[in-house]
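The structures considered in this document are given below.
Heads up, the next two complexes both have subunit A, just with different partners, subunit B and then subunit C.
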Partner chain A sequence: MLVPTIGIEVHVELKSKAKVYSTAKNEFSYEPNTNVTLIDLGYPGTLPKLNREVVNMALKAALALNCEISKDMHFDRKNYFYPDLPKGYQITQSMTPIGHDGYLEIEVNGKKKQIGIERIHIEEDTCKSIHGETGTLLNFNRAGVPLVEIVSKPVIETPEEAVLYLEKLRETLLYLGISDVKIEEGSMRCDANISLHEENTDTFGTKCEIKNIGSIHNVGVSLHYEENRQREILENGGQILHEETRRFDDKTGKTILMRTKETGNDYRYFPEPDLPMIHLTLEEIENTKKQLPIMPDVLRENYRKLGLNENQIKTIIAARDLCEFYEQERKLCDANVLANYLTGDILSFLNREKININELKMDVKELEEFVNRMAKKEFSSKQGKELLNELLENGGKVEEVIKKLGLAQISDTSVLEEMIIKIVNNHPDSVKDYKEGKDRAIKFLMGQVMKETKGQANPSLAMEILKAELSK
Partner chain B sequence: MKSLDKEHVKHVAKLARLRLDENEVSKYEIALNQILEEIEKIENVELTTNVELIAPTENHDLYFHDTVKNELKRNIVLKACGVDETHEYIEVPKVIADEEN
Partner chain C sequence: MKKTNYLEKSFKELNELLKNKVITPTDLVEEAFARIEESDLNAFITLDKENALKEAKELENMEVDNVLFGLPIAIKDNITTKDLRTTCASHMLENFMPIYDATAVEKLKAKHMIIIGKTNMDEFAMGSTGETSYFGNILNPWNKKLVPGGSSSGSAASVSARIVTSALGSDTGGSIRQPASFCGIVGLKPTYGRVSRHGLIAFGSSLDQIGPMTKTVEDNAILLNAISGVDENDYTSKDVTDDFTTYLGKDIKDLKIAVPTYFMSEQVNETVREKVLEVIHHLMKQGCVVEEVNIPYLEYAIPLYQIIGLGEASSNLARYDGVKYGYKAPNYDSLEDMYEKTRSAGFGEEVKRRIMIGTFMLSGENANQYYHKALKVREMLTDGFRKTFEKYDLIIGPTNTNVAYPLGQKGDDALKSFYDDILTIPVNMAGLPAMSLPIGFTEEHLPIGLHIIASYFNEGKIYTLASYLEKYLNLSLDPNKKEEETC
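Here is the complex of A and B:
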């Protein structure tokens, strides 16, 4: 039986302030050719210098991907001639990638699997070309933007695993805070390669590479298509003769041949003499390791222990700012009630208003108070919703909003007792039903309490008194 | 040893879209051959060590620390490339190529 082998290459833009070899701004701009220095333009006689922050960020990624670190590094020139690279070569790391032989753990159908990382290295982006009818327009804002390229080992066995790997990689890099990792904006770009070979043999088939796929979902779709295409050729006695580079067309869901692939030799790699050697000390590496943030896998475990459900965990971890907020606040108020509101009403509000959690009008101290009072069941969930909405819309103090909305609670035991005794006496049938084990009866009586108090009875206290009265 | 003749010069000029007259072809034939002769000298360098030379300096760990400066004004960039200063892009002859570039 023919089985696929898949490898994934990912380019990720790092979000340092300056570019990797020049002091130009590393930032998206709608004004073309404004984040540019002489170095980015490849002017003869200029010399690059390495941005230390880029090394720090790449080191974090290498450590988070469990890589061996190259303590002695240099850069290499990858030579090719094209207008997007006026100096005629890209400065990259070929021989001494900052990290190698690491892994990333994914969960496939409930089982953990390590996907080997072949290498992670630092390089520069090229300038952006726009091909028009009469000429090609160049925008050098992107030239020299720092990238890390992360190459997996060819150990991915299905398109689904490829998708899980990419989702996990994206999440890891997001939590390291070194990249925006937005595929749709180009700050994360994926190429996937796939070949088929007979099961239980050591020789791989001839692979095809699919370039620049626009979403993680489409990596799965394009690999499925390519697997079927190759399978059809091979099972009908055909051969895949050359390594090919193909492009995924998301409108048709098919891959299209771009060119047969060049090999590494065509790039005439050689050491970059303009950048001196780099030596990373053990101390630097250890310090960086200590500074790594808590990673999503650890957070997931912690949240399971707190009793959050899988949907809540997924929602909180998917948005880093939400997760940071939760991490900070969960220690200051009831973690479960907070998770409920954060992934429910608060998130809906944020999405509706198109703002992030740090832009809320509502003071965090008030949110903590709200959560704690809800945890004590001081208000019904309907009242809680009303109260929270007002706090989210207009801010203010919990106590004041309670008064404003007329939600002040009746928590006076003697007042409630008097009222409940009256209700119990007026509904002997319900009391009888309750004593015969009909649960509906207590809900009915509780409804009467709420009706009488216009919803202002402290629900947990009222329930306590009601149960006590009924057991008499 | 002469390894490059007039035909080679014309071929390279054609690839580089340069128009050369016969005098220039002769001039560059000599100049390019001189360059090649210099390169041939490298063949005679005796390699007594296997240590790979990466950089011509023994200094290492020379960095800058993520500061933004020395950016050029766009009109200056464009002017130096021979493009009208009021434009936004540097324009080159149409390139037919792969999308990823």
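Here is the complex of A and C:
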């Protein structure tokens, strides 16, 4: 049987303040060619600098991907001609990638699997070419933007695994806080290669590479297509003769041949003489390790222990700002009730208003108070919703909003007792049902209490009194 | 105009005259341009007369605050000067106007030195005769039928002819020392990392250094003081400071000096060898220990240079592709065609030959077979120097195997142009500092240079020995006065 082997290459833009080899701002969005220094232009006589923030960010990624670290590393020149390449070479890392031989753990159908990482290295982006009718224009703002390239080992066995790997990788890099990892904006770029070979043999088939796929979902779709295309050729006695570079057309769902690979590009790599050898000390590596944020896998475990359901966990972890917020607040109020509201009413509100959690009008202290009072069941869920909505829309203090909405509670035992005795006496049938063990009865009687008090009875206190009354 | 001869004087002598208001910077600038008009050496590509005179005028009302104040200097044309054309003697950069000053130039301007112009050189510093320049060859002031050496040809010729007080050159395999020896001046290649390379248009990045070219040893030390120091724009520059003038005139009798056997072998011209031996004998008489040593791998200098130096060059010159600055072919059919036509027409033959050699050395399997092996040999060669310097303060020998030779002689042989540098290249490979010091003349009255090499950041020891020899030999090194003397 023919089985696929898949490898994934990802380029990720790092969000350091400055570019990797110059002091220009790392901001692509500015007016074209305004974030540029002489170094980015490859101006004669200039030499690269090295932004240590970039090295540190790449180190974080390498550590989070369980890589071996190249303690003594240098940069290399990758030589080729293209108009978007200002110096005629790219400064990258060929021989001493900052990290190598790591792995990322994914969960395939409930089973854990490690996907090997061959290498992660630092390099610079090129200019952005803008092809127009009168010619091609270059935007140097992108030249020198820091990238890390992360190359998986060819150990991915299905397109689904490829998607899981990329989702996990994206999540990891997002949580490291080193990149926006937005595929649609180009801060994460994926190339996938796939070949088929007979199961239980060692020799790989001839691979095809699909370049620059526009979304993680489409990595799966394009790999499926490519798997089937190659399978059809091979099963009909054909051969894949040359390595090919293909692109994915998301309108037709097909991959299209771009070019056949010649016998390996000759990039004439050699050590970059303008940047001295970098030595990463054990201390630096250990400190960076300590500074790594809590990773999603650990968070997931913690949340399961707290009793959050899988949907809540997924929702919180998918949005890093929400998760950061939750991590901070869950210790200051009831974690379960908070998770409930955060992934429910609050998230809907944020989506509707198109704002993030840190832009809420509601003070966090008030949110904590709200959550804690809901945890004590001081209000019915309907009241809670009303109260929260008001707080989200207009802010203010919980206490004041309660008064404003007339949600003040009746917590006076004597008042409640008098009312409950009357209700019990007026509903002998329900009392009988209760004593015969029908749970529904007590809910009905509570409903009567709420109706009588227009929902303002303290629910837990009322329940206590009702139970006492019924057991008399 | 009354003809003056101030530019024959040393920095300190001129400084006294300026401080005492005997002369003004304008006198010096005017004399420099008068001498240029008289000369036919073709030492300059671009002159900056208007600005130089303007600056000199401005300096007249300022206090003479340092020894370099108001002195005219020339800059090799591969070192960037803001708003002053910098061509690398190439058609490719014929109209290149840099928008920044090299760090070394910035430092000289801070001292109020006055830049007279940009000196002619071998194209992109590739050559040892000055003949590969797009702007025509340069003549040797001692004999105008001979080459001045290269690649810092114009810098050496203009200092030798007393057109300027001093000049900056650059040295990748001997490009300061070889022309200094051919023209009878003092030229120093500093330790790699001593002088910032920011603004030096790269040839072999791991070998290149900017250095001072002067009439005297003292001037050389003063000029090196001015241009050295760590620079945030060059990550390979080192934070080491020194005052080189403090080493001048120090006692030499405790110096231990090594002479590599290879430096004194048959390949060196006999007269040159004899002059070096005379110096050696004299030093021994003065109490110096001078011993012959064997430094392994010295003989691999040329292959190392061709592999590492030209490999780096092939990459450094890739940016001249017609897309950004410099020459662009006027007519082309495609991108590929534009690259081809631009680079075919923009670069001269020697540069193209070297780019091709370098590209070959880095291509595919050759990278392992040549480049990576060369890096290992380079390390072993460096190690040989390191071991020698554990026992000795200095290494000496001839700067070159020969003295200046006739123009056009090397034109046909692509390999011959490298052989001028077989004694100087090892120093660049190891990143060491070295000087060429004039120690005498041949029968044809052509200058001979002594090569003095020190360990890392020990330029001071070079200056100690050089200042001693300069004083002891007391040579007359002004080619303009050659006739008077021989008469």
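FYI, the second predicted complex is superposed on the first by the 467 of 472 C-alpha atoms of A that agree within 3 Å, B and C clash if a C-alpha of one lies under 4 Å from a C-alpha of the other, contacts with A are read in each partner's own complex, and residues count from 1 in each chain.
As a convention for this text, a residue touches a chain if its C-beta (ideal position, glycine included) is under 8 Å from a C-beta of that chain, and two chains touch if they have at least 3 such contacts.
Keep in mind the model is a prediction, meaning the values are calculated, not measured.
Engineer: Clash or fit: subunit B and subunit C on subunit A?
Structural biologist: clash
Engineer: Is A:K211 contacted by the first partner subunit B, the second partner subunit C, both or neither?
Structural biologist: Only subunit B; A:K211 stays clear of subunit C.
Engineer: Does the superposition put A:L275 against subunit B (first), subunit C (second), both, or neither?
Structural biologist: both
Engineer: Just subunit B (first), just subunit C (second), both, or neither: which does A:E53 touch?
Structural biologist: first
Engineer: Figure out whether A:G88 sits in contact with subunit B (first) or subunit C (second), or with both, or with neither.
Structural biologist: second
Engineer: What is the contact status of A:N193 with respect to subunit B (first) and subunit C (second): first, second, both, or neither?
Structural biologist: Touch partners of A:N193: none, neither subunit B nor subunit C.
Engineer: Does subunit B (first) or subunit C (second) touch A:A18, or do both, or does neither?
Structural biologist: A:A18 contacts subunit B only, not subunit C.
Engineer: Should A:N458 be classified as contacting the first partner (subunit B), the second (subunit C), both, or neither?
Structural biologist: Neither partner.
Engineer: Which partner does A:T315 reach: the first (subunit B), the second (subunit C), both, or neither?
Structural biologist: neither
Engineer: In this superposed model, does subunit C or subunit B come into contact with more residues of subunit A?
Structural biologist: Tallying touched residues of subunit A, the top partner is B.
Engineer: Between subunit B (first) and subunit C (second), which, if any, makes contact with A:S380: first, second, both or neither?
Structural biologist: Neither subunit B nor subunit C is touched by A:S380.
Engineer: Mind sorting out which residues of subunit A both subunit B and subunit C touch, each in its own complex?
Structural biologist: 38, 41, 49-50, 83, 138, 271, 273-276
Engineer: Tell me, which parts of subunit C touch subunit A in their complex?
Structural biologist: Contacts found on subunit C: 79-80, 86, 93, 96, 98-100, 102, 197-202, 205-206, 232-236, 311-312, 314-315, 317-319, 321, 323-325, 335, 339, 359, 362-364, 367, 371, 375.
Engineer: Can you name the residues of subunit B that touch subunit A in the complex?
Structural biologist: 52-57, 59-72, 74, 77-78, 88-101
Engineer: In their complex, what parts of subunit A are in touch with subunit C?
Structural biologist: These residues of subunit A touch subunit C: 38, 41-50, 77, 79, 81, 83, 86-89, 138, 264, 266, 268-271, 273-276.
Engineer: Can you list the residues on subunit A that touch subunit B in the complex?
Structural biologist: My answer: residues 16-18, 22-25, 31-38, 41, 49-55, 74, 82-84, 126, 129-140, 211-212, 245, 247, 258-259, 271-279.
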